[in-house]
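Next up: the structures, one after another.
Each of the two complexes below includes chain A, the first together with chain B, the second together with chain C.
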Partner chain A sequence: MFLVRLAIRNLTRNKKRTLLVALIVAFGIAFFVMFDSLVLGLERNYYNNVIDFESGHLQLVDDNYWTTQAELPLSDLIAIDDELQQSLAQVPELKSYAPQIRFSANINNGLDELPITAVGVDGDRKKDVFKLEEHLVAGELFSADQSGAVLGENLAQLMDFEIGDYLLLVFTTQEGAFNTLEVEIVGLVNTPNPQINEHQVYIPYHKASTALNLKNKATEVILRLENNNVIKAKEFIKDNIIAGADDYGVYTWRDSAQDIVAITEVHSIENRIISSLFLLIAAVGIINVIILAALERIKEIGMMKAMGMKEEGIIKVFMIEGLGIGLIGSLLGSLMGGVGVYWLSNFGIDLTGAIDSDFGLPVIERTYGVFNPSAFTLIITFSIVISLLASIFPAYWAACKSPIDALGGTN
Partner chain B sequence: MGLLKLEEVEKIYRQGEIEVAALGGVNLEVGKGEFTSIAGPSGSGKTTLLNMVGCLDKPTTGEVYLEGAGISSLDKDQLALLRRENLGFIFQGYNLIPVLTVYENVELALKLLKDRSNKDIKEQVMKIITAVGLGKMADRKPNELSGGQQQRVAIARALVKEPKIVLADEPTANLDSETSLDVLEVMVEMNQKLKTTFIFSTHDPLVMESARRVIKLKDGEIIADERG
Partner chain C sequence: MNKTRLLAVIILASILLLAPKASALTAEEIIERVDNNHYVEQARMESELVIKTDRKEMTKELIIYLAGNSALVEFTNATDKGTKYLMIEDDLWISFPDVDDPVRISNRMLEQGMAGSDFSYQDLMEQEQLLELYDFEIIDHQEYQGRASYLIEGVTKDGVNNSYYRRKLWVDQERFVYLKEELYSREGRLLRTIEAEEVEQFGKRWYVTESLIDYKLRSGSKTLFRVTGIDFEPDISEEIFSLQGLK
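Let's turn to the complex of A and B:
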């Protein structure tokens, strides 16, 4: 305890120097937890976007379609028969399901034409599976027996469409024949998902099926659960619905968001690298502080060694000082980071402008931070270990001085 | 054999290719309770001799015996242990730890020793601080004390563990004559009261006068050993 007391008192000898190095540690910690909070917030928003507007919680698809779905093929489809629909209704914790036909089309306003993704979906089921209704900015969503199209507000503005206008979809059927479909625009949406706002047009399922000549086949079936417990539902579908159909597979929303998982992993690595740089600077600072302290106290070290203190005792004192700097930095960093995460969690930050940057994920709503206690634990532990490690070398250097050399000035 | 014995102690330092003999074949015996001064001009080998006696350094040849046991074969940890248990040091520059109080500076010496209860430590520390006349200044920091008072703290720190020998390197060099006398008085008093052996280097005639034995060194050799 005496050595601890001595080390703590030693930290007060040059308060400004101690505080400066502790602040560098603190900045590293604060940066890490805030960045982590932001990445988790973005990740949560994006995953919500995927679930709410693209994949639901689960997708039932043909395995071949899954691998080629980016090309929006009209092959390897799912047959939507009564038996399948009855079975799907049995899925545990199911909120709703909706067969969906996604296909490539061009939208035409009589003057201009743009490539988009057209989605044929049951109007009534769509309300339960996707959260489009919450983001309706004009008109209404079509019901199962209605006709009409719903598209993103941005796309409508780009094509100069308004509610009540007719849009023309130009596409190729399953057989490769060109076809067109003229539909009245009944609703405009503005979702947090830029993909939906700029590139997607929803039309009734029966209209898409007929126009594409798919005969009760869908590109996928979207399943929305009451909660995010996808494992149980996935196992049920595997065991009871597609057990005999080798071509079919069931995929979770996380499977659909693989690209984003990779992006967020990159962000996590970036975060670790930047925070590590802060902590590296802090480590150099700590080494510097301990060396300066050892030089300033060289005669005291000599005196203590003359009195019989072993090298390990001297090393302990300096390491406790390094640890002390790490702990002060951790405390300050936790406070700074805690305030930052609180601010991010409550007030959020608009990263819409960063969508096209390396940082941006496709999310156009305010991003709110997520409080992640494990990030605090991880970075604080790391900082303390770094502080301890950084103090070992100078502590050892100081402790190994012979008492005569250390006392040299007194002779 | 006395408390301390030096037998043909030689210390040679190397400076590049040049060898400098700081001590050349010193023979010396110091008994328990002696109050001995090692005198001589600068470069005469006083400090080197004290370093040998204080087990801070080993002789190039010869042997230092403490209570009959040679130190040459001891490693640095064993030497540290030996110093911890048997020797006290007083330095010219006091070498007090500025962030510790008078009490804590003295306490440090006892904290290095194992198996002492906090109650014993407190009693012992207060006793010695009182004995050197600083009983009411136990909570002060070194920067709140005069040079003489700081040296008294250093004396208390050296004596608190009741060592066999106290070694003092120019203990009054940084003090004015009045304070030097004051500090010397404390050392003499402690020597008489505790029967602790004192060996100190000096070139101050005032200090030499207080010593009952004066060993004079010149060019690393003893040229006189006078007992008063």
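Let's turn to the complex of A and C:
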């Protein structure tokens, strides 16, 4: 206890210096937890975008299609028959499913064309599988027996379309023949997913199927679950629905978001590197503080040794001082980081301009942070360990001083 | 005697009435002659692509090498110099002078206009003989561009994969080249028209050396394709139709 009191007294001798080094530790901690919170928030936004607008929770596809789907081929399709539909209805915790046909097309307004992705989807099921309805900004979503097209507000503006206008889709059928489809625009959406807003047009499933001459085949079946328990549903589909079909596979939304998983992992590594740099600077600061403290108190050390204090005790005093700086830094960093994370979680941050260039995550809504206690635990532990380790060398150096030299004032 | 004379009159009338029909060409025979003129097994063409829009006119110069199902298009005008398109069977690559490796044009891009023209990449890739792709029928005899022509309609044969489900051709009755073509989507919408502006004779072959392509779904844009030099028996090394040859 004496050593602890001595260390505390030493720390308070030069408050500014102690506080300065502790602040460097604090900044490292605050940066880490805030960045971690932001990345988790972005990750959550993006994953929601994937689930809500692209893949649902699960996708049933042909394995060959899965590997080539970026090219939107009209080969290796899923045959949609009554048996498959009845089986899909048995999937545990299923909210709804929707066969879907994704194909490349040009959207044409008579003056110009733009390449887009057209999606043929059942009007009624679409409402249950994708969250388009709550992002509708004009018009309505078509129902199963209706005709019509729904597209992103941005795309409509770009092509100078309004509700009630007719858009023309130009595409090639499964046999490679050019075909066209003229559809009335019945709804406009503005979703948090820029891909949907700028590059996607929804049309009724039966229209797409007929125009592409697909004969009741879909590029994929999207399944939406009541919760995110994809493992159970995936196993059920594997064991009961596609057990006899070697070509078919079932993939989770996480499989669809592989690129983003990689990006967030990179961001996480970046975060750790930057925080480590902060802590490295803090470690140098701590070494410096301990060495300065040792130099300032060289005669004191000599006197303590002359009075019988062992080297081990002196090392402990200096290590407790290092630990103290780490603890003060952690406390301050937790407070600063906590306030920052609270602010990010409640008020969010608009990263729209920065997302494409800096983060690479396709989301355009306000990003809210996520409170992640494990990030606090990890970085605080790490900071304290670093502080402790940084104090060992200068403490050892100070403790090894001969009492005679120390009292004589030689270094 | 009267019966004999009557019979002779009937036979003579039948011969007179049926003879022209018997010697008239069928739609398939006409298209076969068009194919003989238009389809090239192997060629080297120096040509120009003049893209005309409401705002500007761009001219691109290119050399086209054709051999069977392979084609190489090399741009030679200053802006695009060194850019090449290579088609082998159903695959299309593009290479740029400043980029080391050729880039495969994704299937989803084949519907786009090639180099901003009224041609699509898919049009570039169509090199089959028409007779292999369509069932043809003569639907009229019309005068077009001041020349007697057959109006022939082709509908894609069952089981054949083809870019345009239906096409109409105005075929010059004397030279057996198309004077105009209308290309339709599967749904029946007119997508492109191609009008022959210049026809030249090379030995026994008549060939359209200047044609105007109009993509009907985009207003204010037309593309003139002009062949400035053609060699139907070129000495083409097979190596140029390879990815290595593109670099």
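In this text, the second predicted complex is superposed on the first by the 407 of 411 C-alpha atoms of A that agree within 3 Å, B and C clash if a C-alpha of one lies under 4 Å from a C-alpha of the other, contacts with A are read in each partner's own complex, and residues count from 1 in each chain.
What we mean here is this: a contact is a pair of C-beta atoms (placed from the backbone, for glycine too) under 8 Å apart; a residue touches a chain by one contact, two chains touch by 3 or more.
Just so we're clear, the structure is a prediction, and the values are computed from it rather than from any experiment.
*Asks:* Assess the superposed three-chain arrangement around chain A: do chain B and chain C clash, or do they fit?
*Replies:* fit
*Asks:* Once chain A of both complexes is superposed, is A:Ile404 in touch with chain B (first), chain C (second), both, or neither?
*Replies:* The first partner, chain B, only.
*Asks:* What is the contact status of A:Arg13 with respect to chain B (first) and chain C (second): first, second, both, or neither?
*Replies:* The first partner, chain B, only.
*Asks:* Between chain B (first) and chain C (second), which does A:Pro373 come into contact with in this model arrangement: first, second, both, or neither?
*Replies:* A:Pro373 contacts neither chain B nor chain C.
*Asks:* Applying the document's definition of touch, where does A:Lys299 land relative to chain B and chain C: first, second, both, or neither?
*Replies:* The answer is first: A:Lys299 touches chain B but not chain C.
*Asks:* Return first, second, both or neither, reflecting whether A:Gly308 touches chain B, chain C, both chains, or no partner chain.
*Replies:* In the superposed model, A:Gly308 contacts chain B only, not chain C.
*Asks:* Examine A:Gly164 and indicate which partner it touches, taking first as chain B and second as chain C; both and neither are also allowed.
*Replies:* Neither: A:Gly164 stays clear of chain B and chain C.
*Asks:* Now for A:Ala177: first (chain B), second (chain C), both, or neither, which partner does it touch?
*Replies:* Second partner only.
*Asks:* In whole Å, what is the nearest CA distance you get between chain B and chain C after the fit?
*Replies:* Superposed model gives a least chain B-chain C C-alpha distance of 68 Å.
*Asks:* Which residues, counting only chain C, touch chain A once they are in their complex?
*Replies:* Of all residues in chain C, those touching chain A are 106-112, 122, 156, 160-165, 183, 185-187, 189, 191, 217-220.
*Asks:* Note which residues of chain B are touching chain A in the complex, please.
*Replies:* Per the touch definition, chain B meets chain A at residues 47, 51, 54, 56-57, 76-77, 80-85, 87-89, 91-93, 95, 97-100, 104, 107-109, 111-112, 157, 169-170.
*Asks:* Considering only the defined contacts, which chain A positions touch chain B in the complex?
*Replies:* Touch residues, chain A against chain B: 2, 5-6, 9-10, 12-13, 299-300, 302-311, 313, 402-404, 407, 409-411.
*Asks:* In the complex, go through chain A and note every residue touching chain C.
*Replies:* 70-73, 104-106, 108, 110-113, 115, 168, 170-173, 175-181, 211, 213
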